[in-house]
Amino acid sequence: MEIVTNNFEFLENGLGITLVVFLPLLSALVVALLPKKQELLIKLTALGSSLITFILSVIVAIQFDYSKAEQFQLGNKLSWIEAINSNYEIGIDGISLPMLLLSTFITVLAIIYSFEHLPEPKSPKGMMALILILETGMNGTFVALDLILFFVFFELVLLPMYFMIGIWGDKTMRSVAGLKNEVETRLYASIKFFVFTLFGSAFMLLGFLGLYFRGAKTFSIPELIELGTSGAFTGTFATLVFAVLFLGFAVKVPMWPLHTWLPDAHTAAPTVGSVLLAAILLKLGSYGFVRIALPILPEQAQAWAPAIAILSAIGIIYGSLACLAQTDLKRLIAFSSVGHMGFVMLGISSLTSIGINAAIIGMVAHGVITGLLFFLSGSMAHTYHTRDMGRLGGNMKLLPKTGGLLAFTAMASLGLPGLAGFWGEFMALLGAYNPLPGLNITIFRTSMVAGAIGTVLTAGYLLWMLQRVNLGEPNDEWKDKKLHDADAYELAAWIPLVILTILIGVFPKLIFGSTNDAVISLVTKAFGG
Amino acid sequence: MSAQPFLIAAAGLFSIGIYGILVRRNVVMVLLSIELILNAVNINFVVFNAMLGDALLQGQIFTIFIITIAAAEVGIGLAIVLMLFRNRKTANIDEFDLLKW
Amino acid sequence: MEALDIISYFLLLGLLLVSVKVVTTSNVIHAAISLVFTLAITAATFLLLSAEFVALVIVLVYIGAVIVLFLFGIMITRAPLGQNAELDNDKNKSLALVVSLSIFVIFSYVMFNTFDSQIIVTTGTSTELLGEILLSRFVFPFEVVSFVLLAALIGGITLARQDNALVDENQI
Amino acid sequence: MPRRSKFYIALVALLGSLISFLPLIFQWVNYENPIILFEGSYVIDKFSIILKGLFILVTYLTFLLSINFIESDRYYQGEYYYLLLSSLLGALVVTSSRDMLTLFIGIELASAPMFLLSGWKKGDQKSNEGAIKFFLLGVLSASLILYGFSLLYGLTGELIFSEISKILLVNNLSTSPAALLSVMLILAGIGFKISVVPFHSWAPDTYEGSPLPVTAYLSVSSKATGFVALMIILTKVFPDSGSSWGIVLVFISGLTMFIGNLSALQQSNPVRLLAYSSIAQAGFILAPLAVAGISGDYADGIYASVTYLIIYAFMNLGAFLVVNVLINTSGSNDIYEWGGLAKHQPLTAIFATVFFFSLAGIPPLGGWFAKFVVFRSLLSTGEVYGITLAIIGAINAVIGLVFYARISKIIWMDSPSENITINTKPVLLSPLKVVGFISLVITFLAGIFPNIFSNLGNASALFFNS
Amino acid sequence: MVNSNLITFLAEGKVTYTDGGTFAEYTWLIVVLPFIAALLITFFGKYLPLKGAEIALATIGFIFAFSSYLLYLNVTEGVASEFFINVGSIGSFDLEFGWVVDGLSIMMYFVVGTVASLVFIYATNYMQGEVRYTFFFTSLTLFAGSMLVLVSSPTLLQLLIGWELVGVCSYLLIGHYWEKKENSSAAMKAFITNKIADVGLMIGIIVLALSTGTMRISEILYQSTHDYESLKSVAYLAGVLLFIGAMGKSAQFPLHVWLPDAMAGPTPVSALMHAATMVTAGVYLLARMFPFYEGMASEALDVVLLFGVITLFAAGMIAIVQDDLKKVLAYSTVSQLGYMVAAIGSGAYTAALFHLWTHAFFKALLFLGAGSVIHAVHTNSMKEMGGLKKEMPRTYTTFILGTIALTGLPPLAGFFSKDEILASLNHGGYNTYFAIAVAGAFITAFYMTRAVVLTFFGEYRGNGHPHESDSMMTTPLIVLAGFAVTAGWVNIPGIYTGFTDWVTTRKNPIVEYHPESFDYFALTSGLLAGLAGIGLAYYVYQILGRPEDGDEKIKVEPIWNLLENKYYLDDFYFKYIINPTKSTLANTVDRFNTNILDKAVNLFGVAAIFLGNIVYNKFDQGGIDKALNISSSSTDALGARVKLLQTGKAQQYIMYFLSGVIVISLLILLVL
């Protein structure tokens, strides 16, 4: 380990994570400039750069000093916008490190998957460029330590995702409640996604500015945390700021009842889009809560925590029940995200180190597992040309590899102990049982029970989904069709996720080892406990 | 002399011009009304100049500039009116309608 | 200064009356002529206020040139020269009255409020002084305004010129 | 005139506008203190240098943008360039003018050629109508400004702004009815130029009728001229009655954003859409000034507005470029007919994405920083008006997104319309590409390294203290 | 990483023990190996001659050998130690895995090792030619591993993991024939019923963990025997919650409904999981936590006892009316689990484990025997069996031995264990419960005899010609029969009570009633009830009627209806819980989502457009006489263009403009 560190010393002082953030953007430019016909070259460029990014992020993870996980490390602070005292301030701590790795990792897989599996209109050039831009946004959000920088990266993901959904998305027509005419799914979903998130973040920006002016005219997150934990933000002002931050982050998470863009976006998005959306984009919201909302506005966090807990509990139950009613495979998985992110938020709302740790591992696990679920369902939708579970069935017979992985992933998703999903769920409940002293314990325990019931419902809909999709005799319509089971590219994209699911499940220290100190320090600083 | 009557009269001239702009259908007539308004401003400037006893004659000089600009505006306005008219004529409307107008 | 006051009242009354005629007459020529009178009275008023040069400019530029332009305009656009009931937009009249009266009320309120006791002392000005100031202190706007005139000239000619080459340009 | 000599005319115009950059750079480099000419009526400070640079660059780009308009050979080229250059001169005068007369002449010189240019499509009835509306409202607004000026002159006996404001303050006349009325009349008059509600109604018609490059110029340079004049007057003449006019501006700004954006939602004509969009953007630019009036922190307001103006100028020019190319490609004035044009015009489609989303304020495109400085300025005082405007702004940013995104959506995602025939001739000529790339680079620069623009805004805000 | 937390509480134990040495240290091998084996089988199994079964057999053989040696160690010197591996810290909590090697877990290792080995051997033959043979062994191996994770866990966390893992294996194996919907439904039912119970377990664990600050079982138990106040306040709650978890896995009334359906799985699965090992996890949990219950949550034990007794009786009754041989055994299992739970409830730790021990062998034997029969006749229904005594002598003999063991006739295994339960009930003074338990013994004897008679006696009523299974299947039967006979001899009150010592060799002392000698009242009652049951059943089915007549002679309609419908529990669940959730509630939510939330969002959009429409058409362009509008002149034929030079719209604009001026002027002059 020492040797490696020495070799890559030059990557400290922020160069390493800067590269992790901007290398994808650069390669997106390169991809954009390559001629459209050089498809292989384009794909290889994208893959290569994402791989290098991933390796760089691993090097960063190796250089990271885990004994000081609560400090922001390997970062830098360069002047950016002087007039408003906003800086290019970056750095990672134990909380952001796993998220960063997750992001770079999933992107590699998404690119591998996209090698051969692009819906119409194929155009790998566009898709690759968008994925890489998206990666910059995601990575940047996780390393940004300046509110404005954070905001820019946070928003940077919108455009690529909008186009991904809009161009490669589901082209079928659907009716939409409240509108007379049928609309194309992708168009409706893409604009809904865009408007919803922008709505949230526009107000979030106002909140950032409020902090800037009430604080010491700084956007620096570490400085604001110092201010916030020493009680600089109080009263109506703090309530308002937390409200808008909540709006911005909760839309992204998404928390009930701001989730309605999610099922549509997921259903319409192309496979890679769904994967990236579920695996990482949703995390930007919950990460925002942990990174910004809680430590900077601890007092408000305590005031809002019961409400967040209740909403999370509703989200868990609501998401699961909605899943039970779905006939569309991808929509089901999308609603399952609502439930799972409910656990994440429940963990966060407990404001304890247990709960927040749970939230972070929950985020990672949800990223890995739901990402895989979307990979699988997307691939199946591509193979069968339908997502209607009424028509599917006997998938285990028709596509044994996909089916087997689907079963595995469903098990992971329902929180099976020993697999990644378990920790987030169980620890979130653990956190919610004994929230931060001073919080209304009845509300939290009720939420915990609701969450626990949610696990049953989760098991219910996932198993039911498996029964309808995977088991039984195949429908007659597939008898004569030639159906392709998972190919090498797909397996190459999926197997790492499977392995990661098991690894985290068996050895959660992979995540907790990085997060725990940081979370404890956060909780101690912000809430004195 | 009290300055008041002049100023009130200028205000009146201004409003009369406004009225003209609003009710006149013919663009040339509207341009006439605008001249009234500008004239009201001219009166204002000159009256103020006199009222203040401005040694630099700034009010009067301003008035001269306004008159110059007004002349230019009239030129521009009439050019546009002319173009409009010519265009309408080429637009195949029969003579009767033209005359009626 | 009684006499001057009385003269000024007469002049101003006449000014208003003639200008009302400009906007109410249904004969275009009458309107133009009324404008001439309005401007003439204005020039007279300026003389009263000892702004001789400005009065001269009004007579020369306005009455001499601008009104001729207007008459040209009236003729070229073949506005009916006699009485014309359609000259006014009757629909607008009441509203226009309200608007113009409101403006009058507001303006005169301000005038009453701010300049109620101001007295005009006429001293007489030398045109020479005016010219000096114009070409020293105000030489820059003086230069600039020539660009306005030139632009109006060139642009006006271009627009007003008969032009056969023009075809449908909707595609731009 | 033979074609070749026409080319030379264009070249002279282009080079001329570029060469005029040189003294500007010289001034910037050697800048020490404001240079005051004509007893304070003409001032060269950083504010004026920066905005002059903006005007010159915008005009230069407008010339480039005019290229396929002029290529069509139906227009009077020499006159066209002359009038645009006259207007530019007017704008340049406005930036430096510090007295009423110079300012007025500057405004007139800036707008008079535009009355003519808006009717430059002589054969087009829409153009004619746009021109007459523009002209009538323009003259009316000029007379309102003049009446306001006359009141000021009557109150103080001075034409130079600094003197006026001094006398107003000394004689305690800052909030006298005459002063307040004059600020409102001037505001209305300039409100016409910057097309804020309720003085905006000419804009969509005139924009639609005018030749596209002229429209671009109107919505960028002409509007900016108005804002410059407004900033000068509000901060130099009426700094002490800000709490009164500030509130009026708050209302105007809020209404402008709402009406501009909501109306833009309804548009299917791209030019009208951009017209309403630019109305809404004017609301954003106005907002910091409004709050600055209330709070008295003019430097901050000017900083925000100027920064916004600079960024806005380029993204809006880019947007007009896109519309220009797409109308020529599709031959249709209906954006809903533009489905799938990205296939035929991929570069333009990328331009469209960048400029329209920048207008919507999506990071990392420049528009976000423009919006951000505005929000920052609005919230800087923590007063209720500022917060309200900021919330209105946030809501409008979302409404705006809908129609800005709609264009991208149609170009990239919709299926091709059957009603149009694609013009296969190259319409994205290289001068247009230059416009596109310059605007693109500036838009991205503004989004990623906003410091440059922020510093420009900051430098120009110093003029308030000078 | 490994830290041995040995002999912390040594002084308190009443039995001396050692740390088990190297073998204890390497016990993790038997936990981890099956998982590796499962992976190997999955990826390489189908290329091997026995399709992967050899890997499974080797693994389980190793486990058997290892656990046997551990048992030997325990018997000879007593072993108790625990090992922890930190897998992460969360807040101040340490998340630990590890393994515990003590009397209780060794007993379970041995049971799992033994029964699993025999079942594996049996299955290699039984499953021959069935679909997904390799995958079957993967799952089975996985199960063995999961079960070992469960019983070896020194922390509640690992226990929960093992707990759920065996649930998943159960799901996989019950649903082995997933082509048929009933089977996958049965699997789902099992999983979800367990999941519901797991909610209790999960919350129970959370409550315990947070009130003790640790997940280590031994520490929790230490605290519960040392009057820790924080634990005491939640002890009852935690006790009941844990028991809810146990109710699911150990199929206690009313959560037992999944177990009979679980018979949809292949018979070896039923034998291994749903009779011998997995279903005893609940009992194991209660036993593992026994010091806690005794020390602090004795009120919770009353609940445990109550449900145990209800279960043993109610399930036994249903067994009487079943025609499916496996279901008889299934209900019998439920009933026997009721005995075990009741024993724990009455404070008889050893008795419960003893019954678990003996039951594992004879019930596995019975299931495998039934499997042998089913394998021969290709049906589960006893109506199509009969007369197999002659055709399948070895199966018959071993089955009879199992039946006697279950019925509780001396000197077979069941006699001793059941007697001990009855004795402890009697000792505790639970007279009613005692009576019910005795009745249960009668019922047990009755339905088992009925099953034997219907299956093996009389004439063959099925199709084809059944014949004895081959030695791969009968050998395990014989071995198990041996256990069924002898397993009870390790704990004969007054004679040899080694078993008590084995299972009480734990770090935390066990305080329980331990009979010094036979309780003759209980013994007699139990024995008589058993004999009576046998006698009555034999009389009714063999003598009064014939096996062919089935239940005709004793059918009492109302009771029979109730029993055949399983007390209408399933109907109740479906009607009032599952369907309302799955359809009504879920659809309501979905409709709410679409019609309220989505619609609200869309309506916002529509409203914005609508507002835009109003603003634009009514306000911005409002009041305009379209005839004056040149823009529309192309569609407006005559008259419109006439007014070209007239100002129309422009005046409208001017009007707005001036109104604006007036408004702002008035505003600033009068208001501000």
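By letter and in written order, the chains are A, B, C, D and E; residue numbering begins at 1 in each of them.
Throughout what follows, a contact is a pair of C-beta atoms (placed from the backbone, for glycine too) under 8 Å apart; a residue touches a chain by one contact, two chains touch by 3 or more.
As the structure is a computational prediction, the values presented were derived from the model and not from experiment.
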Steps needed, at fewest, to go from chain A to chain B via touching chains: 2
Distance-maximising chain from chain D - centres being C-alpha averages: E
Farthest chain relative to chain A (centres taken as mean CA coordinates): C
Chain whose averaged C-alpha position falls nearest the assembly-wide average: A
Pair joined by the larger number of C-beta contacts - C-E, D-E: D-E
Between chain D and chain A, distance of the C-alpha-averaged centres to the nearest whole Å: 41
Chain centre separation in whole Å, for chain C relative to chain A (CA means): 69
Inter-centroid spacing, chain D versus chain B (mean Cα positions, whole Å): 27
Centre-of-Cα separation between chain D and chain C, whole angstrom: 31
Sequence positions of chain B contacting 2 or more other chains: 7, 14, 17-18, 21-27, 30, 47, 49, 51, 58, 61, 65, 69, 72-73, 76, 79-81, 83-85, 87-88, 91, 98, 101
Touching two or more other chains - residues of chain C: 77, 89, 92, 95-96, 99, 103, 106-107, 109-111, 115, 137-138, 141, 145, 148, 151-152, 155-156, 159
Multi-chain contact sites of chain A, meaning residues that touch two or more partners: 195
Which chain pairs touch, all of them: A-D, A-E, B-C, B-D, B-E, C-D, C-E, D-E
Touching residues (chain side chain D, partner chain A) in the complex: 303, 353, 357, 362-364, 368-369, 372-373, 375-376, 379-380, 382, 390-391, 394-395, 397-398, 401-402, 405-406, 408-409, 412-414, 447, 449-451, 454-455, 457-458
Footprint of chain D on chain A - complex, ascending: 79-84, 148, 151-153, 155-156, 158-159, 162-163, 166-167, 186-187, 190-191, 194-195, 198-199, 202-203, 205-206, 209-210, 212-214
Chain A-touching residues of chain E, taken from the complex the two chains share: 86-93, 95, 160-165, 168, 171, 175, 178-181, 184-185, 187-188, 191-192, 195-196, 198-199, 202-203, 206-207, 209-210, 581-583, 585-590, 593-595, 597-603, 605-606
Partner chain C, residues of chain D touching it in the complex: 37-39, 41-42, 69, 72, 74, 76, 79, 82-83, 86-87, 89-90, 93, 101-102, 105-106, 108-109, 112-113, 115-117, 119-124, 127, 147, 151, 154-155, 176-178, 181, 211-212, 327-328, 331, 333
Residue ranges of chain E in contact with chain B within the complex: 638-639, 641-647, 651, 654-655, 658
